[in-house]
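Below, each structure is written out as structure tokens.
Both complexes shown next keep chain A, but they swap its partner, so chain B is in the first and chain C is in the second.
And then the complex of A and B:
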């Protein structure tokens, strides 16, 4: 398929990077089954299952790339430490990556590119996040005092350092979902976008309902049996509500956008909860897969990142994938109609719906994206067919690995076609990517 | 052999109380020490493991919180059964103040989160030792009748001479490490052991363990073993130690994690405790590839010592296979 028009167009002759398989632990709600587990614990648990599934015990993998969004400073080498604690050969190199919620997808892109260029033959990409075991930081005042104290030589200097301590300095700082530049939480940012696009409560609840129904159906047909390893008593995503209904979702109170002129529509049901979990993906060249008798689920075709200026209110915080999409499609000579699966990360139901609305808007596509007309419509029956983050949960850096593994398997099951991934991220960023069946 | 089935996994605290009573009665001359081991096996069921305590154990010994229970944690889970044998009124040695000489563990597969297990423990090899009398406590753990784990712990009762002891206990001889005299871990003075000094040439250290003063208390919290010799200097002095000492299984668990971090189902390890690791303190640690006597099994050799010490704190080995060193 490497000669197919469009596949990898923009680059010189490269070989294919294939998704061999994936593994994740069920996602737990924050403070739930994984409350005592660290990021390293969960990443190792996900790696353990992948190693067992593909017989990688004692093997040197070309490189492992992963990351976490909420990361303790002691985990500066999180991925390498996880490799050292895993059954992989200790001679497997690893690096950490951090791109907010796009971390997991970006690790797939980075390692796939190395495989395409022949720099490595195999790689494991992924991510992990714990909202339960989040690092807590001492206040800036206490931090300054402690640093000065460590440099103080004389008792007088030490006393001077300590005397600057104030009671308020003793309050710790827990991480928030607030944007550093604006101070608004991600939900409040999305509420602005939701209002701007007039996304209704009903449409958001319908999308949330579909996410739960699709994920429950995927579990029922055993879709995740070779994509998941139970951990700490969980065998399914703890957030999944297989018995939810539009009526139940309609009863939930809005939690974001209460201060806006328009009615608040975003609830705990149509927004992702804080979640703990980890996901990894095994990538390789075709030669590597054949030599080790491993499956080849899909090719990693291409990817594109984008960023928007949300600070000046020019664009919504989570709308960057909307800008990345036409660039990716044009480079590959493809249109929405050329895809059989769409995996649009459900940070919030309204994020997905705002993106779809933007791509369907002729005015927006002309003025903002510089296109001749609307980018196109997405067939909703092809959207998040095995559930997405609203149902599964969203341990920030783990979401990319979850999506890539699930989409690659869906493509392999179908035996043909293409899948499109769209992931938004904090800081006004986003990454989109194309997978292709083999 | 008589089989005694305990109604539940015994509580260590109760066993320690029983041991204190036994010690008082012994001292008062109300109970004369037995001269032979009781011909009895104690059985108890346990599990599933407490996930929170398992995670705390794993984190304390530097292991990732996996669903496979570390082989050293299995020891702590089944230890109360072995302890109940030692706390029996007809057990010939005083439980309190006994010193841990060595451990070997052979694990065919890991105990998993959520699994119940059966355990059986008995004592054998009551033997004269140059510093007292030693005894082996053998514990076996199975799941649904499938044997998965066997542990042998050798303890020393210092200064105790029993008439019924059989042959001298074989001296621990960790392969490849000099200075393998059977040391009494809790002796107040290094001179108590003739022939051990000057024999130890420290290997090149590859790691360093900082043992904080609360190491013993932290391990007690995750293992349930509140033996006073590990908790604090005053409580350790009551039992004849200079200071609190690190728990042997804590050191063993860290050794296993360092050598076989991926925690394979099959794992075997052995450790000889040659001098106490005082708390707080620092141990230099050397991890080296080696092989079992006979050369058939590759294994990792680990030695830990306090810098400047005349003999190692411990020497041990770990291999990712289920091999019984006693039957090569």
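And then the complex of A and C:
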């Protein structure tokens, strides 16, 4: 629409993209409260909660972008289907995006950029994942037989296709978090990095304990009352253990890294569980927010993606954000000291600790990142202050939306300052981003 | 829960059987739908004096067929008895004896409305007796009416004219389908100086912003829907745990959902901040949130007692303090609190609940005195037996008895409570302040 302020063709000045608010459903453990819910169901629930919070019923939002990591082939148009099932206007366009665990953050970056360029005035970014309702794929052998069968015309051709079927072809391929090129699970990959950086069990357990304590405290002070809408009877993240202790965490048996020379340190307590959930973020231009009397929590400043060669063992699978970070900071002329909040996604406690160790290492920063010295220290009192994935759980594509909405609210509460987000992803990828208080 | 008996008795054969056996025959009530005529037939205005003439003129102005005498064979939509000039008990005879045959001519869903002045303002005992007499006569007529017809009264306070905006607003409400389950009640109206828009113009609450607490389900959700139907922007509030249902209500009515526990110390501030940011000003606040924790007093524990007091009355007192001190709350602001017939009559096993609901009535009267003449009003609505999830959980026989114990011989619907609240929230409801309006079908409990 050419008469919308700032949205006209030929707009070249970059304007601010602001986070207006967010909504997520409480995250459930896989096989728990949302065992019977599909990705579409959960994404609709997250969207409808957002619509209710901000009164967006029947509104044509500029665009909705979301995605899922574990996705059925029938969900090829997941986000658009969710929009059609939501209280938004059916004339709201949508697209799917898939970038492993960085999916949610990347949708925020993409829509924020469109807003900055004046292509849209408002957008909803987010993601959803269900480890409970994961697709199960037929074997490659069965798949080929079925395809040939569909093309067969004569009984003879049909018989020939079926006759190639072997009993082993009937076993389905269960979903895994294994890397296609290495066959190693994400946990085993991280175990290599954990060992390489000498991250101790105690340090990992301490980080996990802080995550639970911080998330529980955030609930206690009502932090999530305008960030979350209950779903299917769940009113809090099911994974949260408000009563956990370092002693309890210390008792858990290691689950990853058993085959390494060093002692295994990664447990179910300091690794994220498989989780179901959805999260969305409402973004807009300043004009859009003002015209609709909507709050402006924070600006989406900038973002950077990186990838590493983990296949040949050059770098750890989840270390890509470490490389993205100096590029983002340099471009914006900022240092770690310039930030008041750090949101480093806790895929595993040791992922966070390996990244921090890498940024503090002069040798690593010189040789791998090409810097003059260490990138810097992160003040641990500013890290994941309202809890992160170890406590909340990690429905892969939903994590970015959770982090962006929570960080934007924390910045709005403080009234000043900046926040830094770091999210690692499968495939040796990572995305980092900066939010700024208004 | 569906009232199976009500459905059955309104079909031909079972209906005939019920009549033969002398069983209760509850009628399907005439409820309001936008665009409906005000009353189902001509309006007969009885009585003499300035009140009768003024109301007859007003009805003509509303395009109603007005009669001053009963015509043989003609069916009536409503009868208005102007008794505002009575000064001796003997004055009641003529109009009431004329009402007798008129009642026979009432159409289903018809209305009887009396107009009188308050006994306590009478200058002499004979006038007071006559005025108080109206009360007893109308309540009795209400109990004699059948087929969903009701009888209610308007009481003109402080010398208010019969055609003052508040009185006419109350009259339209009582004649319309909005008052379907209000029966045997008296609306006491004072003279309101400001002119007011008609009550059932399409959207009487257009441009207003309302907050409804406890809006995730039941009566609260219906209040939100009716305020929205009448044109208001509605902010629905409920505890975070009810957020899923609350979001569904908000999305159904194009409102916004606020997940707040109203007992939190900052609840009022957060509600006011939200309304200020999104809508600028707040016009209507409906205190609907309430809980029950029933136990005989002998078995009552502090947790049950304190929770009910905290939610049902303490939170309202705290919110009202902040509301009335806030510039966000409109100079014509309306506060409506949910009371209960339990708070009027008491109820076995509900000492905590009845204390809280009687407390609401006390709060409303005291606050109203402070608001008098300010443009703002506060009132309470006391529902009787209403068909909700809560009453569906009652034992079957108790529920059946509770339904038939009212003059309308049935439970009310959540919409009946909501309609009365919407009326009190509207401009024409502005003549009413500090009242407790019962929406109970003239239930015997607390009568």
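By definition in this document, the second predicted complex is superposed on the first by the 425 of 438 C-alpha atoms of A that agree within 3 Å, B and C clash if a C-alpha of one lies under 4 Å from a C-alpha of the other, contacts with A are read in each partner's own complex, and residues count from 1 in each chain.
Operating definition for what follows: a contact is a pair of C-beta atoms (placed from the backbone, for glycine too) under 8 Å apart; a residue touches a chain by one contact, two chains touch by 3 or more.
Because the structure is predicted, anything quoted here is derived from the model rather than measured.
Overlaying on chain A: chain B and chain C, fit or clash?
After superposition on chain A, chain B vs chain C: clash.
So, does A:228 touch the first partner chain B, the second partner chain C, both, or neither?
second
For A:295, decide between first (touching chain B), second (touching chain C), both and neither.
In the superposition, A:295 contacts chain C only.
I want to verify the contact counts: of chain B and chain C, which reaches more residues of chain A?
The larger set of chain A residues in touch belongs to C.
Report for A:31: first if it touches chain B alone, second if chain C alone, otherwise both or neither.
After superposition on chain A, A:31 lies in contact with neither partner.
Touching A:85 in the superposition: chain B (first), chain C (second), both, neither?
first
Between chain B and chain C, whom does A:313 touch in the aligned arrangement: first, second, both, or neither?
In the superposition, A:313 contacts neither chain B nor chain C.
Could you tell me if A:172 is touching chain B, chain C, both of them or neither one (first, second, both, neither)?
neither
Once the shared chain is lined up, is A:40 touching chain B (first), chain C (second), both, or neither of them?
After superposition on chain A, A:40 lies in contact with chain B alone.
Have a look at where A:48 lands relative to chain B and chain C in the superposition and call it first, second, both or neither.
The answer is both, since A:48 touches chain B and chain C.
Hey, which part of chain B ends up inside chain C in the overlay, 59-67, 77-85, 95-103 or 113-121?
113-121
Taking the contacts chain A makes with chain B in one complex and with chain C in the other, which residues are shared?
Common to the two interfaces on chain A: residues 45, 48, 57, 87, 230-232.
Note which residues of chain C are touching chain A in the complex, please.
Within the complex, chain C contacts chain A at residues 240-244, 246-248, 250-251, 254-260, 264, 277-280.
Which of the residues in chain B end up touching chain A in this complex?
51-52, 55-56, 58-59, 63-67, 113-114, 261-262, 264
Tell me, which parts of chain A touch chain C in their complex?
Touching chain C from chain A are residues 45, 48-49, 51-55, 57-58, 87, 222, 224-226, 228-232, 235, 293-295.
Touching residues of chain A toward chain B in the complex: what are they?
Going by the criterion above, the answer is residues 36-38, 40-41, 44-45, 48, 57, 82, 84-88, 230-233.
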